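Same chain, two partners: chain A is paired with chain B first, then with chain C.
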Partner chain A sequence: MYKYNFIYELKTLLRSGWIQFLSVLLLVLFGFASFNGSQKVEKRELDIASIKKQVNESDQKMLAQLDSIERGLNVNASRWTIPSGPTAVGNYHPRIAAMPPSAMAFIATGQSDLFTHYVKPTMAGDDFALNFTEISSPVQQLFGSFDLSFVIIYLLPLIIIAFSYNILSSERETGSLKLLASQPISIHIWVLQKIGIRFLWIATLTVILLLGTLLIFGGPIDSGTMFSFIGLTIAYILFWFALAFVVNLQASNSAKNAITILGLWLVFVLLAPSIINQLGSTIYPMPSRTLMINKMRTVKAEVTEKQDEILDNFLRDHPEYAINDPNQSRRFYHRYMASQDVVKKELEPIVNEFENQLDKQQTWVGKLKWISPAIVMQQALNEVSGSSTKDYENYRGQVIGFAETWRQHLIPFLYNNQSFTSSDYEDLPSFTFKPLTPKTSGISALAILAISVVIGTLGIAFSPRVKSSKTLLF
Partner chain B sequence: MIKSTFIKEIRQLTRDGRVATAFVIVVGLLAMAIWISGKRYHAINQEYREAKSTERAIWDNQGDKNPHSAAHYGTYAFKPKYPLSLLDQGVDKYAGTSIFLEAHKRNEAQFSMATDQTGLARFGDLTPDFILLFIIPLLIVLLGYNSFTKEHEMGTMALLKSQGTSVVKLILGKWLAIMSPIFLITTILFLIAGVVLSNLDDFGVFSWESLGVLFLVFICYYVVFTNLVLIISSRVKKSGIALVFSLSIWIIACLLVPKISSNIADTKHPYPTRQEFAANVLKDKLEGLDGHDPWSKQAKQLEKEVLAEYGVDSLHLLPFNFDAYRMQKGEEHESEVYLKHYRFLKKQFAEQSEVYQGLAAFSPFLPTRFLSMAIARTDYATHWNFADAAEDYRVKTQAFLNNNFAENSSYGEWSYRASADTWKKLPPFEYAPPKLGEILSTNGSNLLILSTWLIVSFGFLFITIKKI
Partner chain C sequence: MIITDNLTKQYGEAVVLNQLNLNIKAGEIYCLLGANGAGKTTTINLLLGFLKPTSGCAFINGLNVDENPKKTKRFLAYIPENLMLYPTLSAVENLEYFSGIGGKSLKKSELEEFLSQAGLQKSAFHQRISNFSKGMRQKVGIAIALAKNAKSLLLDEPTSGLDPKASNEFGQLLENLRGQGVAILMATHDLFRAKEVATHIGIMKNGQLRQEFDANNLSLAELEQAYLDTMDYKELVQ
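Showing the complex of A and B:
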């Protein structure tokens, strides 16, 4: 009987054209989304490559200038840009701190449209003023991007709903349910079977499509990450089928079923995330950026007034500079760099407050994400593609660390009044981005699977079976 | 017949538990959204006022200082929040709120809210515009998907036909039954918003006309959706299918088309990256006069011209400080360079806008979204307007400072200090957003697209479904 049912179901699906239609739809959506994502990744790679090329060229120029100076020739350039001065190297020949895309970056745009992927921290620039945002049209950020993560999180559930909202009700509406009821088979098992076929179809198709897109658009991918990503997507699909199963068992008409499942979609995909986000930012409010600017300005004004005193203190703390340079010639940059140090120390707690609040919000989301699998999915997909808030925080942290390394590398030259030479070029520090390793998606996949199974079981337990299957029939 | 159809439909809707629940939920969400937005509006405006006055105090109390040091020290322009942002937050979340105004450099607005939020914020916020733009159309779908299909399913279509009523009257009755609850919700929402906003202290910026036009835009949007839903319902035989079709329209109009158009716009007319933009600006800057570099070719040229103009042979004999004069000329050159590059950004965006408008043929959501942001003064154009005003102020500030330097010192006198009360003489930065008339005329094409949707959907509804 099960076998007949299976064949019958498959045949109706094929003959009604549903399977073909949905397959083509999925193919188009996945293809278009991956293509969009990969275009963004490509642009990012090109941008980074072109800036690297530029810096290389400018480095060659710098080396040529240094060479001329060392051979006692005249260099035709503004005085303060001549690279024998350490501050000229520090400010006019900064290194690139780039964040290259991860192998699966094309999957989710995430936060990547908000932030820049390379900066050039200079010696004199202060780290808090480093601008990590990207110039882009805010309209684009408002509308968001049509990427795989959008297709999986928003559209896949809708496709599942369209595929399965009327499994039982349409049989009743066309009158074939009565025929089926005469067969020796439990209604629950029968609905489960019908939904199982649909699940298998969509899951298989999704896996094939995902593997295909990863193969075409992805970089060299670590198989663990890939399997947890695919596992997660299947779990998410299963979750929506479980919901559809439960709603189907509630024995209503097709339209009402559709409204119910759609209401659930609205709650899980649109409302829950925005409410959780709103609560998070109300409980852990961000301090005001505008007021931070005020504070920053006041500190800087105070520090500027005391520049001479600060330089004295700085030199007292660093006696090595006093010894190495007998002339003790102290100019603008000596005072400036010393006071930057003070500004940085004074502002650190204010700036850290932003990061702390953001971390707290992140933890809050981490706890409450289980309310909606859509959030779990979004977080996991962003992590997998290296475009989550955490990834950008990590990048920001590394850049600020590197800015400090850069400064510390050149500061001895400055205070020792020592010239920068071509032999020092080799020793200049360079930046390599160390990405975070995504690790939560495997657990998330299992959790969503478990949730789906629980929903399915509860659905059977609380379906109108008690009132005999008559309720299902009429 | 219109009246009796209307009464029957309304009665049916009120008796349907799901519709009532949905209605209550939407009203609840709206109340929550308004409350949250109102709180945020108050907080941000308070911060704005505080930041503005503190910043001005910092500027005023610089003490004795060289004017060019003051120019480098700079000041900030803060973007105010407009009353109607209570209803539509627009792109405010993604656009920066403060611009640093300093010598030689035009800076971008910094610190957008989105960069200070977790990735979850990208799902969207629970704001009135989210409900007005996404949820209410969904409510329309829910109210109207089975308007005609249920008559088929219950067999009442034949009865209706036997009454000899004209189809137009029937449609009008059903149309009114769907639109009136929507109209009611929207009116109440806008009235509440109007009352709340007109009771604010800075009432000056708020105008009832803007609110009224915004209201009309949304009503048009809802009418288009109602028409579409009714057209589908009259053409399809089964309620289930009608629902799926109406929902597909909602998904395409509100979710798919905006995202697809944003992708197309970005690929076809990309912005340069921040670093590229800075590099291009720098390149152009180097081709002109650098106010700080007296040895460059351009500086020598300027020197020659000025000496010739005043008929003297030494810079010391000029009636002003040539250093400051050169600084000002350099500033003028730099501001032209910025103007050119920002014009390029604006051109890219204008072309992106054309992409959006081209695709608006598939989505009544797009023109509504753009109009509503524009009227609420939370759109990208208003942001540009603010940034341009800030730049204008920056250029004037530089001229003020350089002129002070030039007039009160002699050539080479870098040790000159302007007195402590100089800074107060700089007029404060004031910004007023564009007027409603201006906004409507720049958004003419969006108005046109929305009207086209309105007319065409009505046309379809009344002409093509006569054969029900």
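Showing the complex of A and C:
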């Protein structure tokens, strides 16, 4: 039976105008979404290239000024921006800490439209409270851009529904089901085969389109990530076909089938993520950012009043700077930099509160994401494309680390009252972003696969109409 | 062979088929006449295994339908009132599909031969079914039965909506099948066609077989009278 079902279903699909239209629509959607995603990636790359160019120009200017100073010439610049001063280098010639897009970044915008991809951590900046704590919606990405993940998660299920909602009911409505049922076959196996063939059609078409878009829009991709991405998408397609199979077995009329599957789409794709998000925000609300800024200002004001005392304590903790400073010349930045550690320590609990609440929200979503494969897919695709919350947390951690490295590199110059020279330029630390390796996408694909199999099996086991196959026909 | 033994179907209190006994031998055409709701289609659905009898049994080729639903379908062909095939497939393709899923793999020449035997014009073999008239679709249905080498054929109002020429051709096809030793049960409202093709005729009312005739010993007028008497139309008119 399978051979004939396969051959003739394929013939029917190829000859059906509706199926051809849906297939072309899929092609157009994939093409447009990939182009859209790649445009964003290109803009991000251009932004990073542009800022790197600015820094390069600024460095050339700095080197020219240092050269003039070292040759005893006057430099036409404000006193506090002359680069022989370490704080001038630290504040006016910072390095770029950029997060370049991954090879598959065009797939999912994820958190990338919420955060910056380059930061210039300065010596005097409040890097410990970098602007990453704005995340209050871990599934905000579900209402994001028209990218490939949007097409796969939102629109592909609708195309699958249009492909599969009436496989059995249309046979019943046109009258061909009785003729089929008069053959020595099992109608349930026949439906399963027919839906399986349609799954193969959509899955093959999707894989071809995905490979095409990866070839056109993607960068050099490792095979593991690529297989994870394709595996995830196939598992997600299977999930929707499993639902369609179960609804078909209920053998209602086509209109009722369509409404039922669309209702399930609404629940899994829109309602479940939205409810989980809302509950996460309600149970673990983010602290007030205004409160944090006010607290920061208060702490800074308090610290300013005690700057001399703080500096004394700092020098007691760092005797190497006191020994190397015969003049004991201490100015604004000596006091300011010494007080930064105090401010950081004072604000640590507030910053941590943001982190903890965000962690709790993430854990909440992580636990409940299995309710909806759409959330699992979005998180996995964000991870594959390097735009997940985890990726930005990783970037934030690296930036904070680099800011500290930058500061610690220049602080000895400051406290030793040592001038910065052109020969020191080469030793300036630079930032290289180390991306995370996607780890959970394979597990997510397997989990969605397992959910699909369970749905299909339970659907067969508990379908009242299946138990009495005779009622399937009437 | 098609046999029903006290075949009964009840939905709650409503008895839609009451102790029906039929014995249709190879090479016989049995026409079941009756008004709508008389129990003709229910009989066919029970013989196809689409419905489970409340009591009694149905047999196809000596096998109990309820106990051997798949096996009995191997010996059985069915043509419904409105034979709906796959409109985007041609006659040959539809025939190959239905034969194939039933477990019979046929060559192209064999498929065309069956369509020829069923009376379909050669020019229509490779045309899409969507362009076919009802009569042409019925011929493809007969070809499916021929290809299946069915020993029993169940027909549910096959001539309704057919023009007289197509109906006559269909009757001749049934004659041919009968000649090949097929046992045929046809539910119909068409008294004229029933008289033309049947070897035996039964009249049903309210789920019961009220009268049975040998078609050779009955004129069309007598059949019509018997039908009207059974339906109590005179009483209704009076």
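Here is the rule we use: the second predicted complex is superposed on the first by the 449 of 474 C-alpha atoms of A that agree within 3 Å, B and C clash if a C-alpha of one lies under 4 Å from a C-alpha of the other, contacts with A are read in each partner's own complex, and residues count from 1 in each chain.
Operating definition for what follows: a contact is a pair of C-beta atoms (placed from the backbone, for glycine too) under 8 Å apart; a residue touches a chain by one contact, two chains touch by 3 or more.
Quick caveat: nothing in here was measured; it's all calculated off a predicted structure.
> Once chain A of both complexes is superposed, is A:F115 in touch with chain B (first), chain C (second), both, or neither?
First partner only, chain B.
> Does chain A have more residues touched by chain B or by chain C?
Between chain B and chain C, the winner on chain A residue contacts is B.
> With both complexes superposed on chain A, which partner does A:S385 reach: first (chain B), second (chain C), both or neither?
So A:S385 meets neither chain B nor chain C here.
> Touch check for A:L271: first (chain B), second (chain C), both, or neither?
After superposing on A, A:L271 lies in contact with chain B but is clear of chain C.
> Just to be sure I read the superposition right, which of the two partners does A:T233 touch: chain B = first, chain C = second, or both, or neither?
neither
> Which of the two partners, first being chain B and second being chain C, lies in contact with A:S164: first, second, both, or neither?
Neither partner.
> Let me test your reading of the model: by the given contact rule, A:S339 touches which partner, first (chain B), second (chain C), both or neither?
neither
> Given the touch rule stated above, what does A:T174 touch, chain B (first), chain C (second), both, or neither?
second
> Give one of first, second, both or neither to describe whether A:T206 is in contact with chain B, with chain C, with both, or with none.
After superposition on chain A, A:T206 lies in contact with neither partner.
> With touch defined as at the start, can you tell me which chain C residues reach chain A in the complex?
The touching residues are 48-52, 70-71, 73-74, 76-78, 80, 82-86, 88-89, 93, 96-98, 100-103, 141, 144, 154.
> Would you tell me which residues of chain B are touching chain A in their complex?
Residues 18, 22, 29, 36, 47-48, 50-51, 54-55, 58, 62, 73, 76, 78, 90-91, 93-98, 108, 110-126, 130, 134-135, 138, 142, 145-146, 238-240, 242-244, 247, 251, 255-256, 258-263, 265-267, 270-277, 279, 290, 293, 295-296, 345, 348-349, 352, 356, 379-380, 383 of chain B touch chain A in their complex.
> Report the residues of chain A in contact with chain B in the complex, numbered from low to high.
Within the complex, chain A contacts chain B at residues 32, 36, 39-40, 43, 47, 50-51, 54, 78, 110-111, 114-120, 131-146, 150, 154-155, 158, 162, 165-166, 169-170, 253-256, 258-259, 262-263, 266, 269-271, 273-278, 280-282, 286, 288-291, 293-294, 297-298, 301, 304, 354, 358, 361-362, 365, 374-375, 378-379, 382, 388-389.
> For the complex, give me every residue of chain A touching chain C.
The touching residues are 1, 3-5, 8, 11-12, 15-16, 174-176, 178-186, 190, 468, 470, 473-474.
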